[in-house]
Structures are given as structure tokens and as C-alpha cells.
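Notes to accompany the following structure.
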Amino acid sequence: MVYVTRRATFSAAHRLYNPELSDSENDAIYDKCSNKHGHGHNYIVEVTVAGEPRVETGYVIDLKKLKEIVGREIIDKVDHKHLNIDVEFMQGIIPTAENIAKAFWKVLYQKITEGTLYSIRLHETENNVVEYRGE
Amino acid sequence: MVYVTRRATFSAAHRLYNPELSDSENDAIYDKCSNKHGHGHNYIVEVTVAGEPRVETGYVIDLKKLKEIVGREIIDKVDHKHLNIDVEFMQGIIPTAENIAKAFWKVLYQKITEGTLYSIRLHETENNVVEYRGE
Amino acid sequence: MVYVTRRATFSAAHRLYNPELSDSENDAIYDKCSNKHGHGHNYIVEVTVAGEPRVETGYVIDLKKLKEIVGREIIDKVDHKHLNIDVEFMQGIIPTAENIAKAFWKVLYQKITEGTLYSIRLHETENNVVEYRGE
Amino acid sequence: MVYVTRRATFSAAHRLYNPELSDSENDAIYDKCSNKHGHGHNYIVEVTVAGEPRVETGYVIDLKKLKEIVGREIIDKVDHKHLNIDVEFMQGIIPTAENIAKAFWKVLYQKITEGTLYSIRLHETENNVVEYRGE
Amino acid sequence: MVYVTRRATFSAAHRLYNPELSDSENDAIYDKCSNKHGHGHNYIVEVTVAGEPRVETGYVIDLKKLKEIVGREIIDKVDHKHLNIDVEFMQGIIPTAENIAKAFWKVLYQKITEGTLYSIRLHETENNVVEYRGE
Amino acid sequence: MVYVTRRATFSAAHRLYNPELSDSENDAIYDKCSNKHGHGHNYIVEVTVAGEPRVETGYVIDLKKLKEIVGREIIDKVDHKHLNIDVEFMQGIIPTAENIAKAFWKVLYQKITEGTLYSIRLHETENNVVEYRGE
């Protein structure tokens, strides 16, 4: 078993806001992350796939293919977008880093057909990182 | 003469859009950077001050003071904000990296009283950087 | 289950020296790390907490709160200090990276009340890193 | 149990090519990675050893010793080399990142006598990383 | 005047060898960099263009255009190549970092039509960097 | 003219303290940097040499030689040391980043015999950097 990771980046706006709570409750929970007009990040996503390298190729999964899958299914849909408004698979989801990672997992899990999706690691800033392993 | 640099970060949303042009002209110029609901970045700003270290202290300017000035005059006003809407000193300015760097220079130039502001370097992404030296 | 990580930095001096051994034994074990007047590092600590994101907030633990806890319990006590002399919770502990990570775990474990402390990762230099998971 | 990691770098050329397949099959699988005259990378390898820190030293394994082992057994043999041609322990192995990591594991596993080899993590580029844990 | 920089990466093999000198002279000068079968690097190139941002766009040069120019004129020709053999504009040039930077300048200088090429900065490893400014 | 840079790192302790001032004056100027038992950093130093690449070698100065000079004249003398106590060429100098950079310049200037020393850039932390160019 080898774990192979492809790293990708995207730049997006978001706002942390739970529409079922009042504005003052949102302020209390999310503080400046709840700024009405949004803010944004250069997100870094690391997608890890686990599997046995094939004898013929030496690859678990060709990282060029993994790059294409991550690009088509994730990056093209979130890069230079507002995560609360522009992204279909984020509808109804509060875009915390935790929830974004889980949403990416849901999108990617069926698309990885060589090896098995092992982990989605998402860097929101250089100091804040989350990881979801489907547990 | 020694050049001292303080690095700081902020996370903001922006939209590249020139209101004097039509939507299709904006699309042609700014492409995905002109997305209606905005997108965002983790900006890194490097503020460089040039001067002679003082004999008594060995400092050009105490970097803790420079951190405070940059924090109060810049970071507090742009972090977790939408640069087109929420920032007074960016009103009427198309928030390209070039224009942000020039706006930061204008804000900071008078506030640096030990040494002289030499450069504003702004990283918009890990691949895109601009620098303004007041020239 | 999502793993959320907060990164923080501190700058400290230390000396690797076991007072129960002779100076020449210390030299043999620790070499230049046993320099009498100490040396120092910009340490990077990554604190990882594991848990289920709450439905209401989308957070395992608000990373601003985790930042405050790590700041108050760890960073304020070790930043710009000599780890062998100035830090109460390091008394009697040889400050190898391994032992520092374990000491941080002991300090933080009870303080994390949302989610569960999963890992302390400590970078002593860009080439030397340790991780402790309470095992 | 503490996990200690030593990071090292080396610069090498390689070519992805399976001699049991035709040139056109190799092109189909490896594309530009199969360029006849090779290409190269600044590889980063992270060697992680797991163990209990010794009471006397506070070390799982002295990272200076781990550096020497990794230097002598790996770096000296692959740095500024062509991995397909110049490296004895890579003979007959297609030098994908997956296979390199497994080969490094095989070389190092017997040489680590304090603690136990836990993981070989190999960065081929800033976007492509593999990890092997002997599973 | 604002300086805008686009960063790009490529992975290539090379060999430092002056065909007008003997093998032993080459060994004396280039040591392990003269390994017969070559070695390689993940090069990072930073292309800086200087100019006045246009009022209409706020751009010195659209960094997407600069990315395209650098991609088409440089990266497509050197990525996953052997610099001594596969690259037309490197023929007859010893591919030291200094000479590569100068060759890139020569290729790019005429192609940058908005603003003026100011600097080519080339990272060969994380410790070795060169810069050429056309002086 | 090409600018070639060699990066090196060292880990040292220091204390900011001017012995000609009282303790309370030192506290007022240096705050936590004046901690009695010192603190420390992983310093990064970038030494830049400017010159014309030689036709025969393609080098301004062989970066292996520059590494040796920086290692012998600087790193060996400051790594794992206390800058206020253990380093002869720092005697009587308050070890601010500004003063360290100037002291390194003074040590290195005569030792660089191919090309000319152009700049000493010193990173004290990831946020604080100074540069001295002999002006």
C-alpha cells in the first residue's frame, strides 16, 4: 500500500453564516468570518489516494489523471468563485473548512477508480488546516 | 543603510471590475477574476523600510512597532473584508494587486517615522507577486 | 470525524544537557546541542484536534478558540524564553523535541474541551520534526 | 511512542519507461515523463522513525545519527545521479515516486536500529507526494 | 512603476560539462554536477516585468497573459526535458543556472510587449538561486 | 552581470541588551527580546554575489565554493552558539538582525574573491527579514 497525494490550489470567497440563526448569533459564533460581503482565501487541497502500485506502471494512480479528476470535479467549480453562492455542491452547507473538506470527499469518492480515496486535506490559511478521511 | 522587512497576511475577497466598462468588456479583460460574487485570496504583504540602524538600539525601526503600524493601518482594515466594498481607502480603485500595493504605500508612507518606506511587496497567490517602491 | 490543526510559532533558547551525566558524557550524546550558553530555534507547533463538526456551526472547534488556548497555555509561556530555565512546565525535563512535544500534550490535553487532542507536531528546524499522539 | 522525522533533499534525473512495453505503450502511459533523454527533480525525502524516547537522552533516535544513516545509505547514492542508470539498488525498478519510496524503505529498514522505521515520504514536485509505511 | 512577477516551475535534467575541456578538467570544475548520465532539478523561475499600471485595467500586464507567454516560450520547451540535448535555444550553452537565466532573458525579452522585462530569477535548488536583469 | 545567491541556516541563541543602558531602559526598548536567559532562532542567511559568469565555466562563483566560504567563515562560528557570548566577531555588538547582517558582511567581504559580495539577507523569523548591501 502506497499513499499518493496531489496538491492543488484555488482562490475563493466565502462567508460563514448559519441562516437558521440570528445575525447576532452568527456574529457571536463566526465573528469577522461572518462579514456580510464575504472574505476569501487561497485554499490548498491535498487529495490522497491509497493503493498498491501496479507492476506494469509503478503507479497507484497516474498523478496526471488524479490532477485531471481534481481539476474537473473540484477546482474548475470552486476557483475564483463565491463558495456560498456559485457552487452547486456546496448549496445549503456552511462553508467552514471542515464542511468543505467533507463536501470534496463526497464529490471525489466515486470518481477515483484506481486506488481508494484516503484523505482530503484542506489548508484555509498557513495556520489553519483540516483533514477528512471519510471516518 | 539596512532594509528591514515585516511580513503580514490577510484574507480578503475582491472582484476585478471597471464600472466604466460594459460587462462584456470586463469579462474580456478580467475573465474569471470578474466573477460577479467575487473570489478571494490569502494575501501576503511585505513592508520594507530603509534606514541606518541607531547606535543605541541596533534597530532601523523596531519591528514590533512596524508590526503595530502595519496591523493598525492596513491589516485591521482589510483582513476578512471585501476590498471593493468594505475598505475606505480602496474606494474607487480597481483592486488589482498593483493598485492594492500602491494604495498600501499611500496609507503607510506618512506613518513610518523611523527610516523611510522603501517597498510594498504583495503576494496575491503563490505564483503572482507585485512590488511598488514609490517610483 | 475531522482533524483540525492550528499552527503556531515561538522562538526560544534551549540546551540539551542531562545533569545526571558528566560533561563529557553530555558532549558525547548531544555534541553541539550541549553548548554551555545554549542555542535556539524558531519552533513551529501544529496542534491537531479530532472530532465531529457540530451541525449548528460546522466547526469541530472554533480555530480562533484553539488559537487562544494554544497561545495562553503554550506560546505565552515559551516564546522568547530559555526552555531549560524560564518555563515552569519544563522543569526537570531535557528539552529535546520529543520531550517538548510530550510536555505540550500534557499541558493541552485537559484544556481542549471541544473535540479531543489528537496530535502535537513540533518542527525544531526545517529538517527535524517530531510528533506525539498520546500513545 | 513519538514519531521523529528527518528531511533530506537530493537532485536526480530519471526516465519513466517500462522496457517490457513498446515505445508507444510507454508514451501512452508515461507521456512526457518518458522523454528519451530523461528529466529530473529536486526530491525531498522525509524519513520517520517511531519509538519511545529514552529516559537518559530524551531521544527516540539522535537525529544527527538518522541524518548520517540517510546520508550514507540513500543521499550519497542518489544525489546528482540518474536513477535508472547510476543507482545499484534501483536496478530493474521503474523509478516512479511510489517505487523509489519502496526501494528507500527496503534499504533503510535494517539500518535503523533505534526505534522502528515508520514511513518514507517522498516529494517529487511541490504538487506530487507519495508515502510508504511498509504496509 | 510597479514590478509584477509570475512564478512557474519545470522539471528538467542537465549535465554541467564543457566539451572544450577534458573529462578530468570537467570533473575538477563541476564535480558531481558533471555526472555522465546527468542529474536534474525542479527549477522555479520568477519572471518580473516593470511598468506603469494602465488606468483602464489596473494591470502592468495581465498575469494570465504573462503566464501564457512564459508557458509557451519557456516552460513547454524545457519541462520534462534534458537541457543539454532537447532544448533548441540552449544548444552550445553550458546549462549552469547563470546561463539558463540569461538564455531565458534572451527568449523572453522580445515577447513581453506590455511593460518591460526587468528580471529573471531562477531557483535551481532551495539553496541556490540566480538572478539576471539584463545588465 | 548575474546575481548568485547561496542560502544557509543556523540555530543560535541571543539576547537584545545594551549594557550602557539600565535594565528598565533595555526592557522599554527590547521588551521580551531582552529576556535575561536569552531566546533563539533558526536564522536563514542568503549571501548574494554579483559578477559576470566566466565563459569557461558558466559560473560567477561556484556555489559549492560559496557554500564552503559561508560555512567556514559564518555558519561554523554561529551555529548552535549564543551570539552574545560565543562568537568572537560579534563581541561588543548588540545582536539585532540589522547588526548581525552588517557583521556577516564585514566577515565575508574580503573572502569572496570571485565576483563581488552584493547583499546579505537575514531572516530572523518567517515575518522579520533584514538586508544589508554595504551601503
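A, B, C, D, E and F label the chains in the order they appear, each numbered from 1.
By definition in this document, a contact is a pair of C-beta atoms (placed from the backbone, for glycine too) under 8 Å apart; a residue touches a chain by one contact, two chains touch by 3 or more.
Please read these numbers as outputs of a predicted model, since none were measured by experiment.
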Other chains in touch with both chain D and chain F: C, E
A correct list of chains touching both chain A and chain B reads none
Homomeric contact chain B-chain F: same or different residue positions, threshold half: different
So which of C-F, C-D or B-F matches A-B, with over half of the contact pairs the same residue numbers? C-F
Suppose each chain is reduced to the average of its Cα coordinates; what separation in Å results between chain D and chain E? 28
With centres defined as the mean C-alpha position, give me the chain B-chain C separation in Å. 33
Which residues belonging to chain B are in contact with no fewer than two other chains? 126
Each pair of chains that touch: what are they? A-B, A-C, A-D, B-E, B-F, C-D, C-F, D-E, E-F
Chain F contact footprint on chain B (complex, rising order): 1-8, 46, 53, 56-60, 62-64, 67
Which residues of chain D touch chain A in their complex? 16, 18, 21, 29, 31, 93-99, 101-102, 126-133, 135
Considering the complex alone, what residue numbers of chain A touch chain B? 9, 11-14, 32-33, 35, 37-42, 79-82, 85-86, 125-126
